[in-house]
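Just so it is clear, A, B, C and D label the chains in written order, and each chain counts residues from 1 on its own.
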Amino acid sequence: MIRAAILGATGYTAFELMRLLLRHPGVELTMLTSRQEDQPHVGEVHPQLYGRLDLRLQTTRVDEILAAADVVFSCLPHAASAELVKPLVDGGARVVDFSADYRLTNRAEYEAWYGVEHPDPQRIGKVPYGLPEWFREEIREASLVANPGCFPTSAILPLGPLLRAHLIEPDDIIVDSKTGVSGAGRTPKLAFHYPECNESISAYGVGRHRHTPEMDQLLAAHGGQTVEVLFTPHLAPMERGILSTCYAKLRDGVTERDALELLRNTYRDEPFIRVVDHLPATRHVSGSNFCDITVRSSRGRLVVLSAIDNLIKGASGAAVQNFNCMYGFDETTALL
Amino acid sequence: MIRAAILGATGYTAFELMRLLLRHPGVELTMLTSRQEDQPHVGEVHPQLYGRLDLRLQTTRVDEILAAADVVFSCLPHAASAELVKPLVDGGARVVDFSADYRLTNRAEYEAWYGVEHPDPQRIGKVPYGLPEWFREEIREASLVANPGCFPTSAILPLGPLLRAHLIEPDDIIVDSKTGVSGAGRTPKLAFHYPECNESISAYGVGRHRHTPEMDQLLAAHGGQTVEVLFTPHLAPMERGILSTCYAKLRDGVTERDALELLRNTYRDEPFIRVVDHLPATRHVSGSNFCDITVRSSRGRLVVLSAIDNLIKGASGAAVQNFNCMYGFDETTALL
Amino acid sequence: MIRAAILGATGYTAFELMRLLLRHPGVELTMLTSRQEDQPHVGEVHPQLYGRLDLRLQTTRVDEILAAADVVFSCLPHAASAELVKPLVDGGARVVDFSADYRLTNRAEYEAWYGVEHPDPQRIGKVPYGLPEWFREEIREASLVANPGCFPTSAILPLGPLLRAHLIEPDDIIVDSKTGVSGAGRTPKLAFHYPECNESISAYGVGRHRHTPEMDQLLAAHGGQTVEVLFTPHLAPMERGILSTCYAKLRDGVTERDALELLRNTYRDEPFIRVVDHLPATRHVSGSNFCDITVRSSRGRLVVLSAIDNLIKGASGAAVQNFNCMYGFDETTALL
Amino acid sequence: MIRAAILGATGYTAFELMRLLLRHPGVELTMLTSRQEDQPHVGEVHPQLYGRLDLRLQTTRVDEILAAADVVFSCLPHAASAELVKPLVDGGARVVDFSADYRLTNRAEYEAWYGVEHPDPQRIGKVPYGLPEWFREEIREASLVANPGCFPTSAILPLGPLLRAHLIEPDDIIVDSKTGVSGAGRTPKLAFHYPECNESISAYGVGRHRHTPEMDQLLAAHGGQTVEVLFTPHLAPMERGILSTCYAKLRDGVTERDALELLRNTYRDEPFIRVVDHLPATRHVSGSNFCDITVRSSRGRLVVLSAIDNLIKGASGAAVQNFNCMYGFDETTALL
């Protein structure tokens, strides 16, 4: 049994991770941490887990984590995460990091977008981006994996292969995403107070969301040239799910059918990518690790649509898929 | 034009009050207060009112309020409200108080349930309870009116007349209420964070909610003997509305039809009470000052059902109705 | 008092229209029609109106409508609407038509997009498009007004002036709209069954929605050249509201500030257009006739955001605004 | 591998059942049936299952079902279910029946409440009620199990032991339940159209719901005397979940603590019953087979609160638990 610790165990991604790992035949959860001084029982923090897991949330100490766990899932926010990930990896643990700390390969870009000095700059650019569909080989051997952002996952999974195959133009790509409120985390704020976001939809951070450079970087690698995505996230009155509606110019002579075929061929053997004919809805993937994708063409543009559960394929499911990859389990273990 | 001030203008009841008063032909809003030091414009606090009302939220000073307003609506929490209401009424303003401070007629009971010393004990018991359907005459002359609690409004409007007419037994009355999240106010808390209360229903404060003694007191006055209501509020995943399902024992020989007739006769001339045949839904009264009521009998019990909008008939609509009463306007002004 | 009839009175737009007209000091509702044979009372069809309006829904007869009403609001579906509008206007009634029948000025285009023969082809192209902000003069004199589509209203109000002033390019405009479920009407269908659309967001009719040619036509008139909008509507898990996120290329040298200033100047005196600095949310305009607009620039594109209530500014509020215009009332009557 | 068929595979309970059985290591789904003539693929009917299950929905033929399946889950409505269950059990299949057909032990009562003649009257009273917590032994040997109703499950699990231990009075029990919309099935109807039930709560079928005699019967068996529950179901604006708030008179001298202890002792070894100290919320059990229970006492009454997921512990999870029991699997298989 592989012993697992979860850092930052009070939030929604940590909860989903526990729910998934409790179903995993090869994992034992041995430690949960949080900043709460009173060490609450996990059943108080997440009443859904009452009676299922007998652990208290402890404050963080690196040596204790290293003693208790083989693998560490960090659900900490950026910068706070890398500060702990550094000594943990140095100390021999394997880590899946949910934060953005090791996703961007350019330190200056990271520090500009995130407004902090990177706590572990030597590792920047050496950590595989945790999208097994693209980087399975690197993930298998890695001691540290950068779990992808939720919005990038939904957008790049379909856009990447289309760029690589030169079916769409690399310039003038627009990603219009709609997400549920759980993506904002579990800390109460006015913007996420029930009567404020119920029955309302709005954009936020137009052109300034931190997932923008992540999309740019991954798509540039696929397209072989600079990509500058115009990204607009929206908050929708639902708990979970991301629908991304992406707009790209079709290359001359390329049809909707060409694009669909390419995606179908690319992901034919992937257990969690479903290239479908119908228009995807977040409901279809809710609670699952699937990414449903389709395309439509209209007026010279390809409209690329994809749906994921932001907490599963966009976070904790991806982490378990990465873990399975790292430890040689079937990638679907605990995920179907 | 009657000049009106609103104290505690950042919350939901204050917003609904402004929305209603902006439609009132005899009122001019002249002052809004809050504890926020930076004096935000009301259009920043309530973007719905952008361009409709050109006021900043000021910190509270009694002399300024007295200079600016004829009537004051206090949306402050209990105790904080009475502390300001006292000098305002003493200074000559007429006040509608949304808090519980002047509803209970027994000081000891107030202090036991609310856990504070009453800031204005001399007025206790001398302030009309702001239910125009029952206390219209007293309200007309009052300098201070105690705006009713939302749950009591929904429960006592139907139960009171049934008790007075001896159609139901005064003991063993159960009130099972379901409310939307706006009833909890606008301060962000984990319990009202969107992903926590979406898609979930739960009871809270079973038998310990502060609206219990308010129901007891008003029903005792109607029933002519002590009443001890068992009250269970529930939080439902919606923004607004209260449905109260009340259970009372039918007196021997009394039928469902008798109860319905009695209610229909009692409220025949009331503009905001609708005694209906169908089962009420909170949707039917959403955004309105109506209270929809019906009854069903089953197995010796009368099931009394009523629906209101907690922010309108349960708060701000009632306040405007009281104001209309106090100042001689038609009671429906700005409310239809 | 102007006597008004509403055709197709069972739906959501008709309900909102009644709610608004009941507040209008110059209107008396004298007739409601529907296809229901049993002539239900309006209080049964819309329990919100119980006790407020004493009319039964009658089956439609032109002569009776002409006898009963000065103005007719048709909430009928396309084609069915024009079939009745024709004899009503011929018979001397003034009509506000909610359907698409008189919006497109090109008969062939209408018949291609709607798949029916137009029942009243002579009037095509002679009916003012009911956007008072643009066509106030024509509406004043009109016997028939084509009430705009909800999506076009939200998109063209901001895009039109930007095109006219040459701040954005007329080609490659994308409109990504998110709407609440009430836009789909009141007929039960699986796609709008609560458990199907709750907690889910999805696109529909990508590039094929019938509001596309309506946007093209109105924007072409403003831009002075052909416009082909790529329009993607989405169904969001909420009852009402439309947020449109529009993407257009900025002309060389034009800034976000230029665009905002232009919009502000254009709509300075309009009572229902609010050009704001913050990002609009459908909540801010819910239940109101406002259209909130702002812009952001990013990566060479202007992101134009607007929010309306699909049932009010997108339907019934616009109809009342048109009615006010036609009959010389202040345009805001019954709408604030 | 046990071969399983599902009858009536288009609905929500059938979907949840497939989702659970796909995780079951001992089950192979071999047949799905529906009344749809065009034999749609299950991935079209339930897009969530796209790529996961390669079956078409067939019209029903008893001989084909008997050839294809060892165990049959019937998700058909009452009467339609028993008509098929009869020949299937006669033909040697083991059956879990989701309908009410075999729950009531009194034929006359069944026919009075359900308004139909029972299609298989000889089996009435001989079929175990599928609550493993109470009838595990009978279920193990049964060829046919009557899967319990969702509301009865939530109410009787806590009330039964309290009655049996004489902690509460058997008369004057009130069950006030709140359910999500999925409980109404998947057939579109106006009452369950999104804009009708969103943001609204209402009671329905007060005192006349068909789950009433089911509660009476099971509680009478536990209490040793006639029980007549007053049952009021409510429709809440959420997709899934039932919260039951039950009111019973405490016997003299019995305390809240006594009741909680009794429940805790009764269900100590049950994997799916959690007797908790906090107030249960439907969110805590959403997607799970748990029933969370607690009690509060107030004013002589015991308030008994329980939460289940209506589609899991209230339907498909219970069915899998029964199946596990019937075939000797650990009862939690596929359910945690």
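Convention: a contact is a pair of C-beta atoms (placed from the backbone, for glycine too) under 8 Å apart; a residue touches a chain by one contact, two chains touch by 3 or more.
Not measured: the values here are computed from a predicted model.
Of the two chain pairs examined here, A-D and A-C, it is A-C that is joined by more C-beta pairs in contact. Chain centres here are means of the Cα atoms, and by that rule the chain farthest away from chain B is A. In this assembly, the C-alpha centroid of chain C lies 46 Å from the C-alpha centroid of chain D.
Between the Cα centres of chain A and chain D there is a gap of 36 Å.
Centroid to centroid, with C-alpha atoms defining each point, chain A and chain C lie 39 Å apart. Counting only residues that touch two or more partner chains, chain A has 180, 196-199, 237-240, 281, 283-284, 286.
Of all the residues in chain A, the ones that touch chain D in their complex are 22-23, 47-48, 50-52, 199, 274, 276, 278, 281, 283-288, 292, 336.
Note for the complex: chain C touches chain D at residues 12, 180-182, 186, 188-190, 192-199, 237-240. Chain A meets chain C in the complex at residues 172, 174, 176, 178, 180, 196-204, 206-208, 228-230, 232, 234, 236-241, 243, 245, 247, 279-284, 286, 296-299, 301, 303, 305, 307.
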